[in-house]
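These are the structures, in structure tokens.
In the two assemblies presented below, chain A is common to both, partnered first by chain B and then by chain C.
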Partner chain A sequence: MTLELFMVFVASTIRLSAPLLLAASGEYVSERAGIVNMSLEGMMLMGAFGGAVATAFTGSPYLGLAGALVAVLPIALLQSVLTNTLRANQVVTGLGINILVLGLTTLGYREIFGSRSREMIAGFDPISPPILGDLPLVGTVFYQAGLLYFAILMVALIAFVVSRTGLGIMLKAAGDNPHVTAISGTPVMAIRHGAVFFTGAMAALGGAFLSIVDIHTFTEGMTRGAGYLAIVAVIFGNWRIGRVMGACLLFGAATALQFQLPAMGIQLPNALLIMLPYVLALLAVAGLVGRQTAPRALSVPFWR
Partner chain B sequence: MSISAYMFSDKRLAGFNGVLARLAVPLAAVLAAFTIGLIAIIAMGVPLGDAVGAFMRGALGSPYAISASLNRAVALGLVGIGFIIAQRAGLTNVGGEGQIAVGGMIATALCLVPGMDELPAGLAFILPLLGGAVAGGLWAGIAGVLKVRAGTNEVISTLLLSFIATWLVYWSVQSENLLRQPMTNSATLPESLPIPAPTQVPLLTGSYASPVTWGLPITIVIAIFVAIMLGRSIFGFRLKATGLNPVAAARAGMPVNKLLVGALVFAGLLGGLAGALMLQGEQYSLKSGFSSGYGFDGLVVGLLARGSVTGVIAGALLFGFMRSGGISMEMAAGVPSALVGIMQGLIVVMIAGAAYYLDRSATR
Partner chain C sequence: MIMRSGGASSSGAPLANNEASLPKLELTDIGRDFGSFTALDGIDIAFRTGEVHCLLGENGAGKSTLCNLIFGVHQPTRGFMTLNGAPYAPNGPHAALAQKVAMVHQHFSLIDELTTVDNLLLGRKFGLVDRKAEAAKILALAEEFGLDIKPHAVVGDLSVGQRQRIEIVKCLMQRPEVLILDEPTAVLLPDEIEALLKVCADVAARGSAVVLVTHKLAEIRKIADEVSVLRAGRIVARSTRPAEDMNDLTTAMIGRSGTGGAFGVASLPPRAPHARSRMVREALQIDGLSFFDQTGARRLDKVTLTVDQGEIIGLAGVEGNGQSELGSILAGLDHPSEGRWFVGGKELTHAKPRAITAAGAGIIPEDRHKVGAVNAMTLADNLYLNQTKSLTRWGLIDRKRQTEGATSLMKQFDVRAQGPAAPFSSLSGGNQQKAVLARELMTPNLRFLLAMNPTRGLDIGAIEAVYRSIREAADKGIGVLLISSELDELLAVADRISVIYRGSIVGTRMASYDNRAAIGSLMSGTATQ
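Moving on to the complex of A and B:
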């Protein structure tokens, strides 16, 4: 592989992992608070849809991002009320919401756009950051969408808040032992509600990345399991934000290789690369890749 | 105790009020979902009569329509019955999709084994059916072994196994070394060869005008067997004890680990059989994504049933007819079948959300 080709590979790895990174860092926050958002897939799809619709009507991708954030609100509210207030099974509600959102967005897109469903919408152009972008050889790697840099900033922010602030301590406590945490006077319910809404917002941006940044249109069910893959990244990352980010990059690299390998004349079954993240995650949860330490009250409803 | 055992344990729903509640919530959810569906149709400006007419014609309008709906219900019912068996042991099997995929793939491979179509006495189609079922059982068994050996949450492992299985099918029909039909020209589709006629599951009526397969009576027998097994057998009792309190069950001398693995294997057997039936009774050649949605719909059917086999049958019929009706509604009346998805999603969300209040009122 030439150096130039390798830089293309690195750049596309980063680009392909960006939507995963946005959604997974959101999911990380929820899971640290003790909630599994199986609806991450639906939240991403809703974000992709809301983003595409808002961009198409206003012509502005920035308003598109706002549209994604607004569209995901009812979904996050539904998930939050079901799992926190009504203490419903988190997996079942998540899967139900995913079926619901797939139907809603498919129907909505056909009703709104109808025949002009192939139409391109406005999007973000990649930006070349000062200094970094001017570097020889590696400069092309930094030629990415602004939303990607936002994602990296958010990961840093989440890492700081979770490990260095009182809010982070409360968040982790709510996910490890909500009852004791509540007795100590921490508003566990509010934290858990807030975590789900934060996850919704991040997932919506991840979905919008797919529709507004990547392909400049919406297609039915376009997330194609990216939300599940983001959940898998959190599991594979062993509920630590740095490793979650690493997992997203690894999964992005596996996807990038699907396009890269044929270009290099290497014939490897495509399916093997697509399957790789799931197989790795299965090995991880089977305890074959280090010890898994999930938040102790993960997926356990909280009540007084 | 696991959440699902807490949510679904029968004790919490005992007595007259419990029976009423068991029926009332699913019925109310289904009615509400249908009402919302009708409102959506009106809002889309499609004449209600056209849409409902197309829906009914697609679901019940002809022997062919009824047969197609019943075949769908068979697949959903098998996955749903598997779901409640695992649920009885306190496990949530969300891997129906993968179990169907593996079952269908192995059944296809067996059907295409040279000489399989020459076997006498129906063995030509029975052996692949059994092979598909066993494959599904082993696939789910992986999750069971991980559960008892490494404490892996079965929700996560069965979900991951589903994705892996789906891509295995994709791989098997992409590669000529596996199941892809020989490439004669560039237009050769990435799918397997059609399976030989003797390996196809026979039709009950013998006519393609009403293609209900022998899968229907097989499923009815399995449903009766499982209902008796869960309600009247020692195995069923032990499953329930394990689901309600695995520690107490172990103290009482029950082989809890074997029961947990056994419950998942049993669920997988039925999922694999569903996949084999879909392949050998309806599709006749393996394509990527052939299991699409059936696993998750089957899961929803199992969930709706709240632990009862009768409930699974009712739910499977409902969803089988809904899917057929939805497709017809899209083609004849221009109402996207996505609407049916919305209704199904609403039903799941409403029933899951009601579980806590239902349980609370039943225990008072």
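Moving on to the complex of A and C:
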């Protein structure tokens, strides 16, 4: 592999892991608060759809992002009310929501885009940050969408809030032992609702990254399991934000290999390459069994 | 001097000290019902600044309920409370804390995964935290009261005593005017108890009213300025000079003349001394058993123990010294790392629970809810849980025979329920335990019975029934290993008492009240053989 080719590989790894990183950092917050947000996939899909529709109608990708955030609100509300207020099984409700969103977005896509499905929507151009972008050789790696830099910023912000603030202590406490947390005077319910909404927003941005930044259009079921991969990244990262980010990069690299291997002249069946990140995720999680420290009250509903 | 409620002076104000300190917190005619059950009734009580007020009573007397009312966990059904003369009606713990009423719970309200500092900051800070500065502040407060804590240790790694100190610091951070401690000494070692009592006295001396719940008379003698005795939800006696009124207080607490014995077992006739003869076979033989837990910590250290047929051996020890692990091994839920064990001469070291039952061992587990019974099934199902095969024909359960058998077992062991078909979860704790006992005593070819804390959470009547059954079993030639943290119960029921400390047997004594002090010092690890 030449150095240039490697740099292209690195750049595409980072680009492909960006949506995962956005969604996974949201999921991290949710799971820290004790909620397995299985509807992450649906939230991403809804964000991708909402972003594409808003961009198509306004022509502005910024309004597109706003559209993604608005579109995910009812989904996050549904998830939050079902799992927190009504204490339904988190996995089952999440899967139900995913199926619901797949149906909704497919229907909406055919109604709205049906006649002009070949049309491209406006998107974000990659930006080249000063200094870093001018570096020889590695400069191309930094030639990325602004939303990616936002994602990295958010990871840093989440890491700071969780480890250095009272809010972070409350978040962790709510996921480890909500009853005791409530006794201490912490509004556990509010934290858990808030975590789900935060996850929704981050997942929506991750979805919008796919539709607005990556391919400039919406297709049916376009997330193709990215939401599930993001959940796996949180498990693989053992509920630590730094490792979660590493897991996202790993899955991004596996996806990038799909395009890189043929370019390097290595011929493998396409289906195998598409499987690669998922197989990797499976192996990673299987290999980690027993050595994980999940929040103790993960997926356990809370009530007084 | 001691005053009985219902007498002339039931106003709640003790005669002495009346002017010395005005009540900080006063309860007037407080009552609390849970459904049709009256947990508390007609409670008049006053807590004063600078005093340690002990609430004395047996399990289920209403002590914890009373604390929960003061701390706002529950609200009284009747009556009212005043704090500093103003009406006080907290609708939750927050409201209580806001008015400087704090409580150290029987079960700690700490989060195992967080550090000491984070636990203490939880719910108090929202924004940026400077852990170094906070740790310094916390340490200063802890040192003021002579509490030794580790600010940056993860709570889950700490001992019970250390966690309790964190819990106390957590309360003291509020500078409470009323501090409630719900049975704080139940989980502590003797020297830790000393330190805790001193802390209570210090807190009171610094201008708080301290409410100390306990059922240990020795502690009251040491520290109490005033004692109120609860029995069956009522205050039955109070005293401002508890050291002098000890006997009266004891009598009031157990509702019958106390002999210093254990409640509920005191009325059992003394057991004829077990004659050890060479003809008797061993029911249980444990040979050099060691056990390491998942983290590699040694929980049992070469335990060797023999229980003869017809003998009741008590295993005494402060909780957490390896009793649970030994129980799990004898139940077949864990396997020893070293050593072997036998029931009736048959080696069961690596046997599965089914094989252990087949060898004639009955197991009354520590936690009847989790391991002892299936709550969602009926009483009859639970009574025949280990003998379902004997009731089945061609894979079908003969319900008629099951119901008949269950009905007669219910009569024999005085299990009170609506009927054999009642859901197990609908039974009271005592009746659940009696049912588990009945099932285990019906084990075919029973040779050995393991009973772990069989009376925990039971009322006197049930305790008596449980021990009566256990003794009858021993009289029939069954060897019994009774694991309990209640020394008085062991003294009353067992023939010999072995003491477990840090995973090894540190001594064995005859079960006699004369040996009580010796056994106590063995339990605390201060004495060796």
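The rule is simple: the second predicted complex is superposed on the first by the 280 of 304 C-alpha atoms of A that agree within 3 Å, B and C clash if a C-alpha of one lies under 4 Å from a C-alpha of the other, contacts with A are read in each partner's own complex, and residues count from 1 in each chain.
The rule we apply is simple: a residue touches a chain if its C-beta (ideal position, glycine included) is under 8 Å from a C-beta of that chain, and two chains touch if they have at least 3 such contacts.
Since the structure is predicted, the reported quantities are computational estimates derived from the model, not experimental observations.
Shared-chain residue A:Thr186: touches chain C; no touch with chain B. In the superposed model, A:Ala281 makes contact with chain B only, not with chain C. Among chain B and chain C, the chain that touches a larger number of residues in chain A is B. In the superposed model, A:Ile266 makes contact with neither chain B nor chain C. After overlaying the two complexes on the shared chain, residue contacts for A:Leu82 are found with chain B alone; chain C is out of touch. Contacts of A:Leu132 after superposition on the shared chain: neither chain B nor chain C is touched. Shared-chain residue A:Val92: touches chain B; no touch with chain C. After overlaying the two complexes on the shared chain, residue contacts for A:Leu5 are found with neither chain B nor chain C.
Note for the complex: chain A touches chain B at residues 78, 81-82, 86-93, 95-104, 106-107, 110-111, 220, 225, 228, 232, 235, 269-272, 274-275, 278-279, 281-282, 285-287, 299-301.
In the complex of the two chains, the chain A residues touching chain C come out as 164-167, 169-170, 172-173, 176-177, 180-181, 183-186, 295-296.
Against chain A, the residues of chain C that register as touching in their complex are 93-94, 97, 109-114, 118, 121-129. Across the complex, chain A is touched by residues 3-4, 7, 40, 44, 92, 94, 146, 150-153, 155-157, 159-161, 163-164, 167-168, 170-171, 174-175, 296, 299-300, 303, 336, 338-349, 352-357 of chain B.
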